[in-house]
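The same chain A turns up in both complexes below, where it pairs with chain B and then with chain C.
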Partner chain A sequence: MPFETLLGAWVATGLTLFILTFLYKDNPLFKLAEHLYVGVSVGYTVVKTYDTVLVRLIYMPIAEQGEWSLLIPIGIGILMLARYFPKVAWLSRIAFAFIVGVGSGLAIPRIISSFILKQVEDTVRPLFYAVEGGGVTFTVDLMDPASNLNAVVLLIGVVSVLFYFFFSVEHTGPGRAVARTGILFLMIAFGAAFGYTVMARMSLLIGRLRDLIVFADPQYGRPSLWLLLTTIGLLILWTTRQTERSPDGS
Partner chain B sequence: MNFLRRQLPLLITFAMGVVFACQYYVPHPVSELLLTTVTKWLQIIGGFALVLGITSLFHLHAGKIRRKEPGWGYSGVLYASMVGTILVGLGYSFSFQQWILGKETIDGVRTMFGWIYTFMMVPLQGTMFAILAFFIASAAYRSFRARSREAAVLLVAAVIVMLGRVPLGEYLVPISGDATQWIMNVLNASVRRAILIGISLGAIALSIKIIFGIERAYLGGGRE
Partner chain C sequence: MTFAERMLRIDRRIIFLLIGLCTLLPLLYPVGLAIKVSPEVRSVYDKIESLPAGSVFLLSMDFDPASKPELYPQAIALLHHAFRKNLRVIAMTLWLPGTGMAAEVISQVADGMGKVSGRDYVFLGWSPGGSSVVINMGQDLYKAFPSEYFRHEPTKDLAVLKGVRNLRDVSYVVSLAAGTTGIETWYVFGKDKYKFELGGGCTGVIAPGLYPLLRSGQINGLIGGLRGAAEYEVLTGLKGQALAGMDAQSATHFAIIVLVILCNTFFLFIQRSRKQADQR
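Let's look at the complex of A and B:
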């Protein structure tokens, strides 16, 4: 077993257990792991940004292809940093104006096309299909999202939820029934989103527990076992000291 | 000077907004090149925005350390781990005889930077998100009690989806898998679609307000 893998197993196990101690209560071990997480994540982002932006988007195009026009976004980017110098802080507004202006301009047609027209097109589908030789057919297969029955359900859902969020008309009479239907759809969707999120988190938890089981193997030196005992010991020590400091336990 | 500080940013926003809103409707190579170029530019400018964020983080924790606020040691841990990761990620590796420059593996061999990612970032991130499962479940217990018809509907939908996402659930309630598929693909999709349409209308309204200078909050306040 290479030393780096062995060390990695111990570090990964320790950090996993430190984070899990938060299930007991907020404590120094969790805080340590939490700050490590922020530090490592920021450091990782900086390194990746350096590689993507500075090397691949700036240095290589300028040095290898002579794309000197890239000095313009560099200049705009430097203007952003003017915020740190009060006398010229207003210069950063030019950079923000550029970003926000471009972003707004790009957003309008693309949102209309992808998020409004496309969504409406997918919602307003034929309720019946014509069959060869005359007549119509209505498919009721619930498992097929493209069936006619599901098309009707989708249409009712979209219209009722949109109506629920449309406050220019008072929700009374028939409008109340439509709004209530909208609430029903919303509740089902929130419930589904909740269930989906819980199971996704459970999947992550299973992954972490699986690692703890793997690292309990003697070939790694049983870090899961030893570090679990150490963590519990440290928590007991910390709780005892806390209780001694404030006998009322507050 | 007032023009440079107030009118010029609004003018730039207006010009850029109009140009890039129109760009979508011009199917010409020059127009496509303009889009490609500005997308690359935005990525570069985004890199500078990261500098702003990191400087702010440094400033916040430096203040905590300087004033020796309670828990200032954790700020030191944050500094050390951040600087350490940057040095390892950008530094020179004697074992590989080359600069690492963000490479997690070189010729299939894991670098120190890759080690930090595998044995520190992945476990920390995974566990941090995993413990949310407990808090969501605890919050659900308190808030999901079927006090009304709507809450009951939410609870039932959540239970069906949770059962339908695992083999055990499908084994216990065979219909839960299909029911989950239907809820996600039809009922949930219809609500997401309606919400997306609403958000889109709001985003378009906001973009128009920004382009025409009605919404100026992004320029910040201050005396300038």
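Let's look at the complex of A and C:
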């Protein structure tokens, strides 16, 4: 097995176990892993940004393909650095004005179209429609859940939740019943969100435990086993020293 | 102190241990519980299944290693399916910290299926800007990504991108997202303007917020969390990481439900005991 794979297995196992020690209590092993995570993430981001932006998107097109027009966005970008020099700090406003202007212009119409108009269009669904020659046909059949029954639930949900957030009228009498219905819908939404969050967090735990199981294999040198014993040993040592320093154990 | 009071003051580390065991034991001794495929996951599968060989499939892996347990299996299953259908695959990421991981997953699956970089697939890597990248790709894919990731070959010369000028030439886009930038960005700045079909895969945390897009048809399907990945693996017949984790997921959910019921029962019991004591 390649050395880098082995090293990766040992580092991943060690850091996973160090992070999991937080479940016992805050300790130096957890802090070490936490700080490493932050440091490595920032280092990785800096290196990848340098490689992708400065080398591949700026230097290579200019030096190899002569795309000198790139100097315009580079110039605007450099103006941002003027903030570090008080005498010319005002120049950075040009760059920010450009970003805010272009960003708003691009985002506002698209977001209104996507998240407001499209959602309103989907929410307003007919419960019945007129037929030729008079009369109406209902789109909902209470005996058939596959019919437009969801539209009724949607109607009640949207109206009651909107009414709950309508504070100009006191929620008394029939209004109280509508507001309570709104709360019920909100609670169901919060419950669904929480359930999904629990599922997501458990998935993360499953991912880490699955890796620990894989790295318990002899071909990796059983890092899970050895580092688990080492981590427990270090935790016991740290707890003992803490207790000796402060007899109440705090 | 009554039994109920003692139970409600139980050391939280005992609960951590219980949840840990409920996760670990099914991983060590899987039982293979049945998995029902949801319509939203099937929609993504059906869309890829309906594409003729040679169609262009774009997979944007918009997540970082923190979401690997949920989204990595989704990426493997989707790539497996796309390569099996002989689609031309364009892979990329809008998340800088996920670049290395995205490169690993595409090369791993492609190598396993005998696919060649530049001919059958291309990994474009990451480009700064988020929504600007999507807009740029909609106008000119080669300006957004002048070169591919692995050997820095000019994208214009790649056989896999023959006939592809921008996002309008892409048959199907799937964004695997752990937040923003992700599915919403692809919809707002991509699909809504350049009219391609869009599907999504996401972490469990953001899934409830994306269901309104699914219902309104703004995305055609949604693979939610590890569970969604397992469903996709069932559809593709792939025995992957997600399926292996489903027993553990079910066991931990069962343990949490039992704990919630027990805690509420103890709480109500204590409340009733206190009321009775006050009446006396």
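Here is the rule we go by: the second predicted complex is superposed on the first by the 208 of 250 C-alpha atoms of A that agree within 3 Å, B and C clash if a C-alpha of one lies under 4 Å from a C-alpha of the other, contacts with A are read in each partner's own complex, and residues count from 1 in each chain.
Simple rule for what comes next: contacts are C-beta pairs under 8 Å (C-beta built on N, C-alpha and C of every residue); 3 or more make two chains touch, one makes a residue touch a chain.
Note that the structure is predicted; figures quoted are calculated from it, not measured.
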item: Touched partner set for A:V178, first chain B, second chain C, both or neither; value: neither
item: Contacts of A:I111 with chain B and chain C, given as first, second, both or neither; value: both
item: Chain B versus chain C as contact partner of A:L29, first or second or both or neither; value: neither
item: Which superposed partner A:L227 touches (first chain B, second chain C, both, neither); value: neither
item: Contacts of A:K48 with chain B and chain C, given as first, second, both or neither; value: both
item: First, second, both or neither for A:Y84, with chain B first and chain C second; value: first
item: Between chain B and chain C, more extensive residue contact with chain A; value: B
item: Chain B versus chain C as contact partner of A:M199, first or second or both or neither; value: both
item: Touched partner set for A:I213, first chain B, second chain C, both or neither; value: second
item: First (chain B), second (chain C), both or neither touched by A:E121; value: second
item: Intersection of the chain A residues that touch chain B with those that touch chain C; value: 23, 41, 44-45, 48-49, 52-53, 57, 106-107, 110-111, 113, 115, 119, 122, 189, 192-193, 196-199, 202, 204-205, 207-208
item: Complex interface listing, chain A residues touching chain C; value: 23-24, 41, 44-45, 48-49, 52-53, 56-57, 60-61, 65, 106-107, 110-111, 113-115, 118-119, 121-122, 189, 192-193, 196-200, 202-210, 213
item: Contacting residues of chain B [partner chain A, same complex]; value: 4-5, 8-10, 12-25, 35, 37-38, 40-52, 54-55, 57, 71, 74-75, 77-86, 89-90, 101-102, 110, 113, 115-134, 136-137, 140, 150-151, 153-162, 165-166, 178, 180-201, 203-204, 206-208, 210-211, 218-220, 222, 224
item: Residue ranges of chain C in contact with chain A within the complex; value: 13, 16, 19-20, 23-24, 27-28, 66, 68-70, 96-97, 99-100, 125-128, 131-132, 135, 146-147, 152, 184, 187-189, 192-193, 203-205, 207-209, 212, 215-218, 224-227, 241, 244-245, 248-249, 252-253, 256
item: Contacting residues of chain A [partner chain B, same complex]; value: 4, 7-9, 11-13, 15-16, 19-20, 22-23, 31-55, 57-58, 69-70, 72-74, 76-78, 80-81, 83-84, 89-90, 93-113, 115-116, 119-120, 122-123, 142-143, 145, 150, 153-159, 161-162, 165, 182-199, 201-202, 204-205, 207-208, 211
